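Input: structures, listed below.
Paired with subunit B in one complex and with subunit C in the other, subunit A is shared by the two complexes that follow.
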Partner chain A sequence: MIDWKLVLEVIGILIYATFMGFIFMGIERKAMARIQRRVGPPIYQPIIDTLKLLGKKESVTHGFIYDFGPVFAMGASIAALLFLPIANFQLFSSNADLIVVAYMLEVPMLGIMLGAMSSGNPYSAVGVQRGLLTMVAMQLPYGLALIALIQHWGTFKLGEIVALQQTQGWSITVPALLLAFIVFDIVFQALLGLEPFDIITAPAEISMGPMVEYGGKHAALLFTQHAIQLFAETAFFAILFLGGASNLLELLIKQIAVLFIAIFVASIYPRFTIDQAAKFFWKWPTILGIIAVLLTV
Partner chain B sequence: MESVEKPRVRVVGEEKVKIKKSFVKPWMGIKYLFKKPVTIKIPFEEIEPAPKYRGFHTLNWKTCVGCNFCGQICPARAIEMTWIEVDGKVEKRPHPKVDYGRCTFCQFCVDVCPTGALGFTENFYLTTGGLEEDLELYDWVPIHPDKVRELNEKFGDYRFPVERIEKKEDGTHIYHLRDGSTIEFKILGYGLRPPAAARPKPAAKPAPKPAEKKEAPKPAAKAGKPAEKPAEKKEEPKAEEKKE
Partner chain C sequence: MINELLIIIFAPLVAGVIAWALDIKGLRELIGIVGAAVPLAYLAKLYPTVISETVDYSLTISGFTLQFQLNTMTWYFATVASLVGIAMAFGMASTSKSSYDWLFALMSFTGVVGVFLSQDFISFFLLWELMTFASFMMVLRRNRHESLKYFVLSVIGAYAMLIAIGILYAKTGALDFESIRQAMYIDASLGTMSTRETVLVFALFLTAFGVKAGAVPLHVWAPGAYSETDQSYTTFFSGALSKAGAYGFLLLYILMGYKLYATLGTFHGHLTFAYIIAWMGAITVVVASFLAVLQEDIRKLFAYSSVGQVGYILLAFGVGSTLGLAGGLFHVLSHAVFKGLFWLVTAAIILQTGKTQFKDMGGLARKMPFTFAMGLIAVLSLAGIPPLAGFASKWLIYEAAIQAHMPLVAGAIFLGSGLAFAYVVRFLYSVWFGQRPSDLEDVKEAPLPLLIAMAILAIPNLVFGVAPGLVTEYLNKILGGEVVGGDYYRLVTPTGTYNALLVTIALVIGIAIAGLVYLYGARVRKIPVTNTYQSGNPVTEEFNLSIRRNFYRPLAEALEFWLKYSWDRFYERLAGLTEDFADSLRQAFYNGNVQSYSWYLAIVLLILALWGVL
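The block that comes next holds the complex of A and B.
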């Protein structure tokens, strides 16, 4: 038997998430422009960009895996999104969905790298190498922050975490989880691929990193994937630390708040080199994460 | 004596210029978020070019004496002297034709012009498509400064005063100006030597071959100083007659 309500909800959430993700990308560009005293593009610019890319006549392809990479990344982002309890929609929420989402948010990077490696471009190879090192480096504080959270609330279910936060106050009001919040926020920057840790794309050093070869429809797919991922990641953040939301508007406000922290950090700090980033991740965020975990025991 | 003394060099201590690293100070950059952007929105706002901004040339056809000083000083060799026939009357002296594909807008030609016939305006906008007929715009005999000023007052956007250059088979050029008026003239030939059609006496000869004409101006420009040109010009027609 098909659960038609769930199907409709899933489609609705997907469309909403894609659209809002593009708007978030627009907000990101606009806010960065204003910090640099520019006017910036209109807020719907990423949508226009994506439509333009979809309208390109030619698409270079380097074989099956090259095409499969972005699709894989997009699928992972969608899966991560659908396991999140967005507002009052409990789509695929089940036991231990926190782990699933935390894992699924990492997979898109792997998908992009899978496709990028098959293009055989040395820039892609360098980008992939840096990306994997960043991922390895950020796993430790990321895991510690999640462990602190799980230990404090005593559950793996995102829905339950939201419910507990509604009754007992947000996660960031707990001192131990405030530390975890700081750690997670640093990791978040790397998850989004924003400035201090945008070593993977590094537009000025290695031209766009893994995405050098992608153009036309592949790039449009990657844009859409990034939009969905942006939405999913901000929603994940809001659910874990800002008490979730009972309706979409509340969630939207929290997501934008989270996004603005990321934008501010991204627009004022310069990029780390890859060795600095690895050292940094294994130093301060790890120390803070361990303290947070010990406090929650 | 001062030259014997040791030169005193002032060195600022490194501890004074070295800035302490900080994690907090970059946040000062956020303050611009709520300030007005310092952007000029070009299609909606205008910027005035500086007075005497070095833009396109103007030429008073009445006072130009065709001395080729401008052609000699031009570092990009963008100026070629052109023999012009206006309303069936041949101009006595050649006029400079400026090629904006090469011109660097240094305006040396304006400084060097002895009669002040060659001038420049603040107009600086010139954009065309890639078609052959559009690209004709980049190669023109500059028009009278008053006309350009009049157009500037009318439009005020500092664009190139000519909209389209129509070229006909017999060398007639029609400049369609932006206000709809036209300037029509005929180009008889290039270089310092007057072409057959421009000769004062009825020569009754076939038109000189283009290959010859193109070669001719260079040695003339090199050898003859501009001051000697009138004498040169008298001699040259004879030389050509002998050849032919």
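The block that comes next holds the complex of A and C.
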């Protein structure tokens, strides 16, 4: 009855994704450091950070929801990951399509916000407000990019989108989808929470926003969640626009390529204020997105 | 033996009248709940019959034949309404202290169920008016201005419908749906009804049903009417009564769909008339959701949100494919259960705290844990978090809109769902979390009947979320074919799949893993809300650390240009102008000057003379 191969695959991918997610975070820090002519921390630094946080002697809590928020966020990230076709491992991807995955990738945000809100800290509240407004702002271009993609390939299934790209060329080679790609890449910056859209955490402005109250094992959970989310989102990008991958190495190269674009953009742009971000998202990315969807009708 | 259909329709009204006449505390609640439970019991009993054949009943009164029918579709709508109705009755047992409320709440229950079961325009219109009147009376008691706004718009809608019925009757000579449908079908090829008349009838029906559904720009009554009444009643008002509008649009498809297609043709591959409905829905979703985000009152927030969610239903019906209809019908159910639940939670909050503004609330999660849990279910369902009913229906609408190649309409759903996230979080934050104002220290959990009511609506949210196939299987029967495939747990459309059970399992596994990491970590120590980071400064109870006012100020600033225009103000101004005009008419003609009256007489005589009568 139980499909042991699938179970092993799931466990393997989860461990791999968490590990690689941490490495991606490390790459991010290292690359940022090199751009500013610093040496930077070793590439495995985020793993050490997380282990340190887990080893704290005591954590504080503001109640049940405060604990549940990060747990729920990480759970949702794991669930989202399981519905993505990771290279040649299909996992559960035939059971949920693009819309479901796109939604699942947003659920962790709700978990983090839920926990942050229950702390009652004003910085958290400002962070939550900014986070939701960023989400509202980016949702329209994000949706348009996905719609263009679906209309072009004529299917919602991620597995089929990958298969079609293997035979007919990557999404970005189609002119209309190239526009969608540009839109998605701009939105991606906000999805990862990097400059110029790192409005949610905004370390220098509102001292980490939603995460301000979290320490100890809660912070460790959020770090791990971020690692998994980073892996899932870069993989999602590669699946949608870069033709997926037939093995983990190929996927890794594409993920790192996507990540580097994000890092390069992030390291040279300062942060938008929230109303600037809203106005920006509703202007150029939306116009490009509308052109893209109209070209693919 | 009285016919079952009559019992279904009139049991609530009878119970309402009895409860009103007796007016004994305790007894009236009991009678009301029983009266509200009867339709659901009978509908459940008739379920096996309905799926194979229809149940008909007709009755002749004053020369008109009233026909009622229970078929797969009317059963669905009636059951959704009855489910919300019974929750409303339980809720009202806690929140309502007068027999007046019971009479009119149950009267509108009768009206709504009757509208769904009617098979001819006479009973449809009569019950439609009964429903409008009863809901108007519910609002009238609390706020005259808002109730009149609702009444005037409803009257405009109802009489637009009456004119449309008149035109249809003149053209077809029939009043029952079946004959009209056939006549319209034949007329599509004969073309005796001109394009202009068809468009007129369509526009009149759009107005009539648009008012009830709260489609922009006819939505202005909704925020006021939904908030200025007993909140338990709003469960029914927004959960079921607004569905009468959605049902009306469906009726338009059934009666005139083919005729409208033949007359108006297609627009870029979409049915033109449906495309208009789809855009109405899309605009409603976006406008109402934006306004919901900016509200400062808990009732107003949900009122706008309700308008927005009904917009999803119109949008889905407007997609024009059977998948779109399936999505819309599913959303009828899920909107009824999650929005009904929201209003019950609101009712509980208002009952226990007596406050409606976000600025007065906070930190209630500790004091009302069960209500909070129910509110959380409603939040997750409305925001479309996967294993809940709200997601399944929204997913179908997404699939339908994108498959039908309506990219901009589908874009509106994406924007709307982002906004939905934003306003439910506002509700969560301001009401449940943060510091508790000192005057809310002795707030208690909601009373038992209200908790039962919440549970009645929370269970379908969970069950139909994990097993959406239960609903879609029935919807396939309504739509006559395998529109949405799969089994109980899995939805399959031609281009996509959603396995709700597996998503649930994955989420549970994920949370379990995360929970293990959490448990592995060190012990936690609980600290009070005021023991918090405030740039390293000490905080005491006197500081208000929760942001309760203008939470989404930056959004309001970004939208400054658009917020300058308001339909509400437009209608108020129009009403003011009409009033002034009526005033000046009165003063000009009835001026008290005898000579002017004799002049009127002279003018009339002159006209008659010119006409050649004299």
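Here is the rule we use: the second predicted complex is superposed on the first by the 295 of 297 C-alpha atoms of A that agree within 3 Å, B and C clash if a C-alpha of one lies under 4 Å from a C-alpha of the other, contacts with A are read in each partner's own complex, and residues count from 1 in each chain.
The criterion applied here is as follows: a contact is a pair of C-beta atoms (placed from the backbone, for glycine too) under 8 Å apart; a residue touches a chain by one contact, two chains touch by 3 or more.
Please read all numbers here as calculations on a predicted model, not as lab measurements.
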{"item": "Which of subunit B and subunit C A:Val39 touches, first, second, both or neither", "value": "first"}
{"item": "Partner chain(s) touched by A:Ala125 [first = subunit B, second = subunit C, both, neither]", "value": "second"}
{"item": "Partner chain(s) touched by A:Leu6 [first = subunit B, second = subunit C, both, neither]", "value": "neither"}
{"item": "Which superposed partner A:Lys57 touches (first subunit B, second subunit C, both, neither)", "value": "second"}
{"item": "Touched partner set for A:Phe72, first subunit B, second subunit C, both or neither", "value": "second"}
{"item": "First (subunit B), second (subunit C), both or neither touched by A:Ser267", "value": "first"}
{"item": "Broader residue contact with subunit A after superposition on the shared chain, subunit B or subunit C", "value": "C"}
{"item": "Parts of subunit B lying in touch with subunit A, wherever the complex brings them together", "value": "26-27, 29-30, 32-33, 35, 37-39, 41"}
{"item": "Subunit C-facing residues of subunit A, complex", "value": "14, 54-63, 65, 67, 70-79, 82-83, 92, 94-100, 103-104, 106-107, 110, 113-114, 117-123, 125-126, 128-130, 132-133, 135-136, 138-140, 142-144, 146-148, 150-151, 154-157, 207, 212-213, 216-217, 220-221, 224-225, 273-275, 278-279, 289-290, 293-294, 296-297"}
{"item": "Sites on subunit C touched by subunit A in the complex", "value": "268, 293, 363, 365-366, 383-386, 391, 395, 398-399, 402, 405, 407-408, 410-411, 413-415, 417-419, 421-422, 425, 428-429, 432-435, 490, 493, 495-499, 502-503, 506-515, 517-518, 520-529, 531-535, 545-547, 551-552, 554-555, 557-558"}
{"item": "Subunit B-touching residues of subunit A, taken from the complex the two chains share", "value": "31, 33-40, 264, 267-269"}
